[in-house]
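Two complexes come next, and they have one chain in common, chain A, joined by chain B in the first and chain C in the second.
Showing the complex of A and B:
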């Protein structure tokens, strides 16, 4: 009798979930150990984190506000992943969406029921425009989209800062380095939580249906799995790549629209708060499934929210970042380990 | 339906509050029950702006040993700032002090927490429970500008700024006006690097200014990068926040130094006693902001001439008097008029002779 490890070709969702839960517990255990070693009371901190995130209305409101952009940027990166494309530029498209929405909000007077949809439409169009060149270059010239989408993030971030301190600068209320307050806002439904949250949820659910239950979604999956085979089967692979990337840009831009019209109400540098990059993390956790974006974004939102609680308990921002990294690192290892199971090989009976 | 619920245009209120305009008198708090929270814009170890505020926090701890203080450093200028201030309130803080401008991010929280006292450094709004404070750093910059005007050989000053916002306009304008008061041929070239703390960008900006012929660098940075540039190139530099002469003893001229210790102790004492009221407050030259003792390469007669103006300002003289033209040549302050602190605090145009900000 000898023990060995067997690699499973596919992992059932239940098995992966169990491994991931183990990973989170391990990461938290390591964190607890370090907190205890540095002379803090981990139980007190854990109690505070739970109370200030999921244990109070105040924490739940913040969680929903974090979730809104994370759901959309996570979905943006996930949909391109299904066709084998990495959109690293959600941050830039987020800014483009915020810029587009602000342009309409600041300079188009009108009733909110008219202006808000126009802001969203223009924001989404700007986000699509922001990814258009990388998308065309990827679909028709084979240019690596990882580099092109990433580099445009810096352009979008600086453009936002330029607009906020330059041509659109607020000279009325004396706010520093930001535009004037938008005259319209997305109405709140629950405390500080605005309509962007249920809309983002609905969008993700709609995408889950679109990617798994429609002919278009099927073509995306096949094109991502084997481009040659898809082409041979008569699918328009390039058009699909273009379509998915534009959709992705629009989704990230919608996150920017919600952030500026629902939460911040002014355009300013730093607005995106790294939500575009966290969207990549959410997509990696979601493993290509739009439905999985929901729990993945929830975990990310919880970590970010817990980070703020821990900072007010005098943990440095770097320590919080380290805890985030540890959790994700453990999950990555767990995802791989879930493929293995111990088996016992019986010695073959000899005649 | 979305639109009907959207509320009044331009309303900053999240829910109606009757006492918005009137200052609220907050009841006294026992020292042992009090929690005072500070939100900082950069790490407390930045060696500049936030370190100066942290010294104030330590002075509060020393003056009120039983009081609890918490701080969060590197508070981002995004909706995360609102979350952090909300968290302070949720933890029961009676006073929240933000050591940098967070605008609506703090106002959104203060309007919802009328029983908590809020103070915002470089803030511009006063509400029922939110006030602001700031240092009148332009007088120190003016004094340093006099030294710059007397020390420059090329008549070109360089300025490393962050964003074109009033405190940067006031800093650059004050240096140039001070320099021109003794040397009318001086000009000032500014570069904005979109950050308060970015040593690499500040080094590049300082080098570019030196290449352009500037032989005196100044600016508003939290760290000493452009002082090192000046030291290497054998030119002069004036700094901000703290004494930074150790990073360039030959180049160091002076610094706009900050001291919030007494002010923070007074602020917390007033809140504990129940006498705190929301107001806008300037810390004046010699009481929270000053020029640093002059560097060792500053000629004594130049130091004396600049210090004569410092003494005059501390006696009540305002050197910001017309005629002052803007960079486009328009007369903005007529002869015989003075710019008071409230006007300088809103300064959003560059004076004639300053380039690179508009």
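Showing the complex of A and C:
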């Protein structure tokens, strides 16, 4: 008997889910192994992680605070993926949104019910503005969006730091690294969890509907699957690419608005905390489905939260990145392996 | 096709007794979820033999060849090469063993030049080679095998026929001992076909073997030594070609008698040919990005209730003509009139809305989104109108019902509507596209090579679709390379040469010779520039 592998043309969702679950378990097993090898007690750490993430109220609150930006940046990268475009610049648009919101919050006095929507609107407009040039270049000149959106991240990050330590720095307390505290804040609903969390959830559900149940979403799907077929059916592919990229910039910016107005309450360098890049991870896990962004972002939030806990136990901050990479790596392998199934060949005696 | 050069190795070379077959298949089985693609197929391919493989679409020919070329591993049975059992882990193993295949769907890199495609993944490619060296090598190969290609041309710019030539040259260059050709002549002109057959006979004369998959029975009888017929995944018989007739083969293939039908005859109560044209071109001219005129000063009228055939050698403006007529390509000069008034600017959606359907040349590349399911693909033309599209929404349930309707009208059996459309066979894809376009074609249907790559049964079905549509008063444009098909179906035939409409002639009185001369750029009156 000789064994060989047979490739399946399509993979059922259940089969993929099973493989992915196996991948996550494998990644956790490898993590545990390395923790044990470095002389720590994995059981103790695991117990600590579970207790301080899903096992306690504070843990759940932190989880929700991580989840809020991840849902939005994950959705931002997922929607562009549906038309075959990679927005690697969610990090930069996140900063742009935070800057736009802070500008309104700091310099436009008024009641919260008026100022907060204006902050959000300006933040979203700034995020869209940040992706506008890459989007136009991609749609009308075929310029690779991966490079352009990525490079603008560094510009946005440095601009944020400049504003926070320069023209907008806190003149009240004299803190050098951030702006003053914003006079308005997004109201909390549960501990430190603010309204941004339910709004982000609603936005993701709304996107799931928009991408699968509307004419616009259908055009995006077709354009992403085969641009020639979309042109054949008379769809305005360029306009759709532009529209999707602007939407994506706005979503990432909204994450920045929520972060600055709901969680941190002031603009400072490093505010985005890699949420834009983790959005790419979420999108890869979600495989183009906005509904899948929910579990994918939850997994990512759990890993980030666990990383904080591990740091309190003197583990390096890079451990989080390593674990994230490991999970992603294992899932990529699992997605490919899910296409194969073993078969046996009858080996008969040859004449 | 019987006046071919029979002098060059017309008969197979003598083979020493006891020589094992080049390829022997024993009881090959291949299953896909819910489908038996091959069941217990046994086959011998002798050295110095051209072996034709016949069968309807979906009979399992492509799957069997994918097994032979190492793309699929068989679920049962044995592959024996030169008397020794073989197990191909992948296509590279098969290529190393001297098995080369030219696929029906092109497997070239569109962004590369012809020379780069020929040399891609080839052991004999020089380690350091400039474009000039590769092009010189390609030119030498093209002369040696008798296939003229332009080595510096970008593949994406080539017509389907030219791309096929590159494909064949690519495999011949790798010195395969067993050459598998899947529908090689579907996109070739009669002259190119003759050249190909000459090359195949020369190939056979050296003791090599050829497996030829074709639907053209005359060709098969002309070139092959033996014929095997697959039906529903099984080998139903291998015959010496000398003992076969076209009618007999067709009967075995479909398992029933084919009824020939006079396709020009109108059914009683059919719409008469409309007096006023529905769609007209006046001096239509197109230029490509290099400024070359691809369509020159074409003037023609399409009338409801009439089929206009378009003949011509591939790459003489057919693609541009179909794209202009369906709103996909703007005119450089000239006018396009709908019911006598200027048509909307090149906008395929607007053309579809006024009732112009389009069966595109390469359905997989431009008419379908292969990775999406049947439902999404069937909604492509009606997603923006009720019941699917209302108030900017996309009603998936309504799309599913539409897909069900189209699938039933096309008489295609599918496991379920959520199947990615790339998992269907080429014939089934074509039927679905045809039915989808017929639904919206209330005025005009432009069908580019609708029977390409289909078996006899499927061709008859698609042609019946066209004549039914004609009888309903729709103007049909049929672009085809099969003159017999055009003469059977079309009312008038226009011949394209170098982007020019040479003449439009009455199909009832036309003969092959006149059309052949026009296709070669000569006018019907004997003049011309040849």
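We take it that the second predicted complex is superposed on the first by the 340 of 351 C-alpha atoms of A that agree within 3 Å, B and C clash if a C-alpha of one lies under 4 Å from a C-alpha of the other, contacts with A are read in each partner's own complex, and residues count from 1 in each chain.
Simple rule for what comes next: a contact is a pair of C-beta atoms (placed from the backbone, for glycine too) under 8 Å apart; a residue touches a chain by one contact, two chains touch by 3 or more.
All figures in this text were calculated on a predicted structure; none of them were measured in a lab.
On the shared subunit chain A, the superposed partners chain B and chain C are arranged side by side without overlap.
Look at A:178: by the touch rule set out above, it reaches chain B but stays clear of chain C. Looking at the shared chain after the overlay, A:216 reaches chain C, while chain B stays out of its contact range. Contact with chain C, but none with chain B, is seen for A:10 once the two complexes are overlaid on the shared chain.
When both complexes are overlaid on chain A, the residue A:269 reaches chain B alone and has no touch with chain C.
Of the two partner chains placed around the shared chain by superposition, neither chain B nor chain C is touched by A:333.
Considering which of chain B and chain C touches more of chain A, the answer is B.
Contacts of A:111 after superposition: chain B is touched, whereas chain C is not reached. In the superposed model, A:234 lies in contact with chain C only, and not with chain B. This overlay, made by fitting chain A, leaves chain B and chain C with a least C-alpha separation of 31 Å. Of all residues in chain A, only 52, 56, 58, 62, 65, 111-114, 116, 158, 161, 165-166, 171, 173-178, 181, 183-188, 192, 195, 259, 263-266, 268-273, 305, 308-309, 311-314, 316-317 touch chain B in the complex they form.
Chain B meets chain A in the complex at residues 1-7, 9-10, 12, 14, 37, 43, 70-74, 76-80, 83-84, 86-88, 90-91, 101, 103-105, 122, 124-125, 163-166, 194, 346, 348.
Put simply, chain C touches chain A in their complex at residues 32-33, 72-76, 78, 84-85, 87, 89, 327-328, 347-352, 358, 360, 365-372, 376, 379-381, 383-384, 389, 392-396, 419-420, 422-423. Listed in rising order, the residues of chain A touching chain C in the complex are 2, 4-6, 8-10, 212-219, 221-222, 225-226, 228-235, 343, 345-346, 348, 350.
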